[in-house]
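Dumping the structure here so I can ask a few things about it.
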């Protein structure tokens, strides 16, 4: 199609992350170019759960690590989470349909030549180190995001 | 204007649904073409409250039916809902202004030649049957949504 | 760049307001034209905390004034707010990085020739008076927003 989609993934919730990644995967299947810019809570989606470190971090940064979800499958729902019960139910319903889980959509996206960017300011404020993110994630500033988004045919804030 | 707007209605909250439907109605009034793609919680907006059925549904699908809002007017607020008190207050404020309620904006939209689409995967996961949705809702996949959105002049994720 | 960005600021949460204003400021730095349309909870961001009045307001409008955040710095987080504890922690982390607070991004935006619009219907329903908003905010209807957004190169619903 020679078209381009740019997603700003702000939310760190399971259902919204699912929506973003389903769109990203579907776009690649119809040969649309895809960029995802992860900011704020959206960074939880591209943290590598096996590379979390508490070294050289302030007390707040350590708390942020300890209190937040480790990896995509731990993200809560944006609604009806009911301390995890609603999310568990949704996961069962996804399985009943033989539909993929969030982690599979993320794995799919990582293989489909999608540009993964992380917001520089968000990474700094949250105290994440570049090596704690998935290796293909490139850290860029808001102006660089804007230039990409302004040239895209479809932009969403999720 | 010969322009086109595409809304992805992900949220199933009263205030966000209101925002989406006000935009859709206003766009039609200035002759902008409108498509709304309802996904996830957004599907609550196009379920026909009189056609809910528990037949042929799994236990989770039944729970989903029982625990979720029946019809647009039952949707909660995204903020300050206070177990419904905040929403009741907002409804009173809307009435004080003589402004239409959500159900009226939905009725208006249904008469204005707006395309209503529902996300196929969301419908399957939530266990809704096509006949439980408003009759004008067409079920499509993410790729079909993308093709429409990529050709639009304004796209929002609500 | 001769490009134009249009933000619909629906949310009245600290983190999302931050995202919107960082994008707005960054866009101006690369000479992109910026319009922000504040609707619903987003109006909390452009209320002048020193001009709140309870005069000539219904009981609901007075409650709305009393129960809602006074000024940008009082806005809650969209996630992990923990009755303000999470937000306090985030503010400390922002300060540790020497990064600006929300109020500074708002002040920056006000000096950068950004168009500030407020949604007429939202202002009426919430019972705000025009003089309670920041002086540069112009009140417009949804159709006027749409015309601006349809001519923009990047539009986000935040």
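A, B and C are the chain letters, set down in written order, and residue numbers restart from 1 in every chain.
Note that a contact is a pair of C-beta atoms (placed from the backbone, for glycine too) under 8 Å apart; a residue touches a chain by one contact, two chains touch by 3 or more.
Here's who's who by UniProt: A, B, C = Sulfide reductase.
In this text the structure is predicted, and so the values were computed from the model without any measurement.
Chemist: Over half shared or under half: which fits the residue numbers at the contact of copies chain A (Sulfide reductase) and chain C (Sulfide reductase), same or different?
Modeler: Different, since under half the interface numbering is common to both chains.
Chemist: As a multiple of 5 degrees, what angle does the CA superposition of chain A (Sulfide reductase) onto its copy chain B (Sulfide reductase) give?
Modeler: The superposition gives an angle of 120 degrees.
Chemist: Express in whole angstrom the distance between the two chain centres, defined as the mean CA positions of chain A (Sulfide reductase) and chain C (Sulfide reductase).
Modeler: Chain centroid spacing, chain A (Sulfide reductase) to chain C (Sulfide reductase), equals 25 Å.
Chemist: Enumerate the residues of chain C (Sulfide reductase) that touch no fewer than two other chains.
Modeler: Residues 155-157.
Chemist: Can you tell me which positions in chain C (Sulfide reductase) touch chain A (Sulfide reductase) when the two form their complex?
Modeler: 1, 3, 5, 15-16, 19, 22-23, 26-27, 29-30, 32, 78-80, 89-90, 92-94, 96-97, 99, 153-158
Chemist: Which residues of chain B (Sulfide reductase) touch chain A (Sulfide reductase) once you look at their complex with the stated criterion?
Modeler: Listed in rising order, the residues are 8, 10, 12-13, 39-41, 58, 60-61, 63-64, 67-68, 121, 124-127, 141-143, 145-147, 149-150, 152, 155-157.
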